[in-house]
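Some structures to go through are shown next.
Shared chain: chain A. Partners: chain B in the first complex, chain C in the second.
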Partner chain A sequence: MKLVSFGPAALLAAGFGAAFAQSSTAIAGPHPVTGTVPVLCAAGTLSDDDGVFAVGILVDTSTGFLRNDLSAPPKVLQGSFCTSKSTITVEASPMVAQASTGAPPEGFSDTVNFTAMAEGWTPSPAVFTTGAAANLNAVQTRETAFTGDIVVSIGDFTTEGGQALRLVEDPLYQGAVVVTLAPAD
Partner chain B sequence: MRSACLALASLLSASAAAAGAQAPATGDVGVSANVDGVCRLGPPSRPSVDLGELANRSGIRVGRLAALADAIVTLPGTYCNFGGTQVTLRAEALVQTELSQPPPGFARAVNYSATVRTWAEEPPLITTTASVDGDSPADQDSGGTEPAAKLTDLVLAFFGFSVPSDARLVAGTYQGLVTITLGPAGTGPAQGE
Partner chain C sequence: MARLRFLLLAAAALPAPLAAQVAPLTRNVPVIASAPAVCAIQEPSVAAGGLINFRGINGNTLQIDHLVDPATLAAAAASVDIVFDAVCNYPHRIRVEAQNNGLWRTSERPPEPAPGFAYAVPYRATIDWGLEHGRLEADAKVRRIAERSIDVDQPTSGEIRLRLEIEAGASNVQAHAPLLAGSYGDTLRITLEPQ
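Entry: the complex of A and B
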């Protein structure tokens, strides 16, 4: 008889055991989800479609010397950006008479130097003067990512060889300005 | 010697007769054990999800979020041996790990939606809403209750990537953390970090 009563007791205990069993919770993670953004720079688009600084007639037609009131409207590089620290570099080559060949005659020059400047990106503008022995401010560094406009202007025109030289006649004096945005280390 | 052997045989026979004469005593003997409730998440098909380059390198959207493909992680052989369970998903937006404040025009966060399929009928669904500076990256949701024990290949899916204000992304490494919790419904998720 004792054995008979023992059976149900054991079953009850098993039943409670199941009811109070600790339910295990499973956790996966935290798993990382990762990605990268490379250091990118884009110089944007020019405000004018032709991208030409039109300086006009270079000389005072009565004297043949370089005019001292030359100017050209600045260009704007719109929507420029870098995603990290960057440098801006401005380089320029002087305006040189394109049709004339050989060395200019004595008393004449076939080259006009100028200064190009890129502003708006760095606290100090990047500046490059053609014909200068050194251009220490041609490269400027910005410490943070940036997006904004860069204003590129030219000015301070001078005759190579000295203001006493006249410019040879030529239908086209041509130079160039190059602005470079690059990721910095 | 012979007589002694006989006597022993007779005793054995008497004993057998006595047993056969009595009614057998019977009873139930309980054989019991229990099985604890267990949930297990299978090993993830990949330990981390690398989305690669997040930004376009060229084109009209250069510097902005690229078209990212949906990402899938499976956890094969996931099970609970009891009913009334649910999956909870906690996920963080991808946030650039170095900067604290992005420059104007930039963001340092990539938001996304994520879900865990094939458990209960209603899956958990989260959409992170980090701001441009990466604040408030985490979101959390629990799915419906699965009434019965279940064995399945769980599927974690990421989709719908976006950047606050569709701003350009600052360069660097981006990371968010994802935690899946599987257990009894209503017990809340573990705060895995």
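Entry: the complex of A and C
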């Protein structure tokens, strides 16, 4: 690729050489100034230093069923940017009881599904629901370069296997949300 | 200008540099929560078809319709099946406790029961909970706390089924002894607790 750049430069030099022979006025230039901006994306930094979605106590302690008022404060990815067309992808894994082994007993579940959403980057948010057969909206594309905050939130918690199941006791249920920014072709 | 344009085109034709990989592209946020140990028992109800010589359940009180056979004055047969919706989401223990170890007279006790009369009625409590079954014989021989506890090694949800049975002629003295007049009662406690 360097050869391509040098080629015109050599032509320019030859042209100036001819002019110099005919006149005492020296004109240098125009010198083209060029640069490149690579296709670049950065996913920014998380708003909270703890870096986790803390959902708290999952069950109604009087019934053992999943609470229906669960929530966790959203996270903000600050300073994200892409210099060109980009895609945002959100993926998630369900919260699973970490100490539990084997299949849960009849009437119980050891897994809680939820929906993760990344908003602010694309016209439609990227959405991923754990346990769903398909997540058609998990990848969203933005046609233009952009910089801004991405709000990542979780919600719609459900017991895997159905709401008639209760959750086994466990001090730690853990899952994850993964947000990826990538240059698009 | 033709050269300039050519140069610009050349620049644009440069491949996307590797610099796109220097910045982090992925953020991974763990999602954490907990499910504390929970045991719960709901209010009891009488199982369908489970009522013989019992009037039913009123709040937490089970009342026997006719404690004695009017012809013999000995204890009449009675049984009741009651169910409690319940759950324990961890390995636990179910404990059944009869406060008096039988139906004893709740009215004032005479200093010396009359010979030949029964003054307490034994009964049997059987319990089904998940995969576990147990039985408590409240034999009414001594007025004391009688209890039975069963370890349940896995989380369990569903119904606790409690069956109480009084056999015909049950007595704390000889069988079919007539019962002294009075009110008789006992208090049963069912507890789900850590092992």
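Note that in this section the second predicted complex is superposed on the first by the 154 of 185 C-alpha atoms of A that agree within 3 Å, B and C clash if a C-alpha of one lies under 4 Å from a C-alpha of the other, contacts with A are read in each partner's own complex, and residues count from 1 in each chain.
Throughout what follows, a residue touches a chain if its C-beta (ideal position, glycine included) is under 8 Å from a C-beta of that chain, and two chains touch if they have at least 3 such contacts.
Fair warning: this is a prediction, and the values are worked out from it, not measured in the lab.
Looking at the shared chain after the overlay, A:182 reaches chain C, while chain B stays out of its contact range. By the touch criterion stated above, A:34 is placed in contact with chain B and with chain C alike.
By the touch criterion defined above, A:58 reaches chain C but does not reach chain B. Put simply, more of the residues of chain A are touched by C, taking chain B and chain C as the two choices. Residue contacts after overlaying the shared chain place A:147 against chain B, while chain C stays out of touching range. When the two structures are aligned on the shared chain, A:173 is found in touch with chain C, with no touch to chain B. Put simply, chain A uses residues 1, 4, 8, 11, 30, 32, 34-36, 38-40, 42, 183 to touch chain B in one complex and chain C in the other. On the side of chain C, the complex with chain A involves touching residues 3-4, 6-8, 10-17, 19-20, 23-38, 40, 87-90, 154-158. The part of chain B that touches chain A in the complex is made up of residues 25, 27-30, 32-41, 44, 47-55, 57, 62-63, 68, 71, 73, 75, 78, 82, 90-92, 94, 96, 102-106, 110, 158, 168-184, 187, 189-190, 192-193.
Considering their complex, residues 1, 3-4, 6-11, 13-14, 17-18, 21-40, 42, 81, 83-84, 144-148, 183 of chain A touch chain B. By the touch criterion stated above, chain A contacts chain C in their complex at residues 1, 4-5, 8, 11-12, 30, 32, 34-36, 38-44, 46, 51-59, 61-64, 70, 72, 75, 77, 92, 95, 97, 104-105, 107-108, 112, 114, 152, 154, 166-183.
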